[in-house]
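Each of the next two complexes has subunit A plus one other chain: subunit B in the first, subunit C in the second.
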Partner chain A sequence: MGLFSALRVSASGLTAQRTRLDTIASNLANATTTRTPEGGPYRRREVVFTPQAEGAEPGAESGVTVTEIREDARQPQMVYDPAHPDANPDGYVAMPNVSVLEEMVDLISASRAYEANVTAMNVEKGMMQKALDIGRG
Partner chain B sequence: MTIQPISDSIGSIGSIGSVGGGTQGSSDPVASFADTLKGALEEVNKLEQTGDEQARLLAEGKAKDLHQVMLSLEESKTAVQLLVQTRNKVLEAYQEIIKTQV
Partner chain C sequence: MALRNDLTTQVLTRSLDAAALRQRVAARNIANLETPGYHRQEVLFEDQLAAVLEAPSEGPASPELPQAILQDDPAPGRADGNNVSVDREMAELSENALRYDALLRSVAARGAILQTVITEGRK
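Take a look at the complex of A and B:
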């Protein structure tokens, strides 16, 4: 366990939450994208977090890392809009499987998780400062 | 970047006492005080340089994560504070000895 290990662990949490935020932003930006290079509408993406395998001993502090950005397997939403350039012969358009409401909730969750990691970091910093104060009195 | 050596080298300051205890005839090589201090200084300097480098990258718009920059700066700040505290303690001990009446 190094001197700054707790700070590093919190930093990995911050990085992970930022990646999550990026993914949510991408989902929101593409909430109405009907054309992708792979064909079909944009598919919602979500991040998969796994603990960082760091120390050899079990129970050692470990950060978090993003191992995968997965596509949501849900079907595209079919919306009736005959005037849309990507509408099928029946007049239906395959819209991305992104629910803006869901993304907003995820966004708040990511933001709060980021704040929690910053708080943990500050507490660790405060503890270090207090330890340095031992010699000061 | 590994930071373990900092605590190692600072921890080995504790072994300075055994330098004075060398009269017992123990022959295990103990790093000299100057070397130990130099090692600690170099480690702190390394952290400082990492902090500087990160700050430069941020100024150039090349930094990937803002929090990594802040973390590096905080790390170097804490390391310097720890170094200063260690120096204060060592100086204090030195002055105590200087004041000894002969």
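Take a look at the complex of A and C:
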């Protein structure tokens, strides 16, 4: 109850966006990884957000949570590179289904969403500070 | 007694509660900015309060003050079914912080009146 839970809600937003940033970083780092323990090239991962389960007071105290990090089902990109150690007999290499452009757009969106949560958190802190100042005269 | 639990104090406390709730709801809306299918929520309070306060009063008993109501905004959203607008939430956030501040100042001013009553008697 009270304003403190508003801070927790914003914190859940920060955690969720940070997980998303980590996932994007992993996608970018593995943009040309052709070998994985599961075999085949790296597959792009994406986070799935869901509203957090609601508390005693419906809706108000819950934030957001990452319920799943799932793999993108799109096919690997076939790139012609006969010199590549993982090239097939026709000279094509299965490259990860990561699009650097797409990841960059996602990165900006995640970083802005993170900032929005920080702003909300700062406003909440300001309000709490003012509430503490009542009665100081 | 009158200063401690009169209608004005009750209205102020109830309004502060509504503002705190609205803050949590705005935080939740912002946290779910990118959650597919999420509908923004909003808090209804001031209109109900005005309706109660403007209604003609019966007798000396103070009217029953309304509780803040939480409701889903059914407005159509983006392609992913989410209808949170970050600009709107930010505007709501700053408006609500100002409202909260104004209410707190009123509470403090009432405290100051009480203080005056107590200290002036000593002179």
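Here is the rule we go by: the second predicted complex is superposed on the first by the 132 of 137 C-alpha atoms of A that agree within 3 Å, B and C clash if a C-alpha of one lies under 4 Å from a C-alpha of the other, contacts with A are read in each partner's own complex, and residues count from 1 in each chain.
The rule is short, and it goes like this: contacts are C-beta pairs under 8 Å (C-beta built on N, C-alpha and C of every residue); 3 or more make two chains touch, one makes a residue touch a chain.
Just so it is clear, the structure is predicted and the values come from calculations on it, not from any experiment.
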Query raised in the report: Of the partners subunit B and subunit C, which touch A:109 in the superposed model: first, second, both, neither?
Result: second
Query - Partner, of subunit C and subunit B, that touches more residues belonging to subunit A - result: C
Report task. Name the contact category of A:91: first (subunit B only), second (subunit C only), both, or neither. Result -> neither
Query - First, second, both or neither for A:49, with subunit B first and subunit C second - result: second
Report task. Tell me which partner A:18 touches in the superposition: subunit B (first), subunit C (second), both or neither. Result -> first
Report task. Kindly classify A:82 by the partners it touches after superposition: subunit B alone (first), subunit C alone (second), both, or neither? Result -> neither
Query raised in the report: After superposition on the shared chain, which partner residues are touched by A:125: those of subunit B (first), subunit C (second), both, or neither?
Result: first
Query raised in the report: Residues on subunit A in contact with subunit B in one complex and with subunit C in the other?
Result: 2-3, 7, 121, 135
Report task. In the complex, go through subunit A and note every residue touching subunit C. Result -> 2-3, 5-7, 9-10, 12-13, 16, 20, 49-51, 58-64, 109-110, 112-113, 116-117, 119-121, 123-124, 126-127, 130-131, 133-135, 137
Query raised in the report: In their complex, what parts of subunit B are in touch with subunit A?
Result: 2-4, 6-7, 65, 67-68, 71, 74-75, 78-79, 81-82, 85, 88-89
Report summary line: So, in the complex, the side of subunit C touching subunit A is made of residues 20-21, 23-28, 30-36, 38, 41, 70, 86, 89-90, 93-94, 97, 100-101, 104, 107-108, 111-112, 115
Query raised in the report: Taking the complex as given, what residues does subunit A use to touch subunit B?
Result: 2-4, 7-8, 11, 14-15, 18, 118, 121, 125, 128-129, 132, 135-136
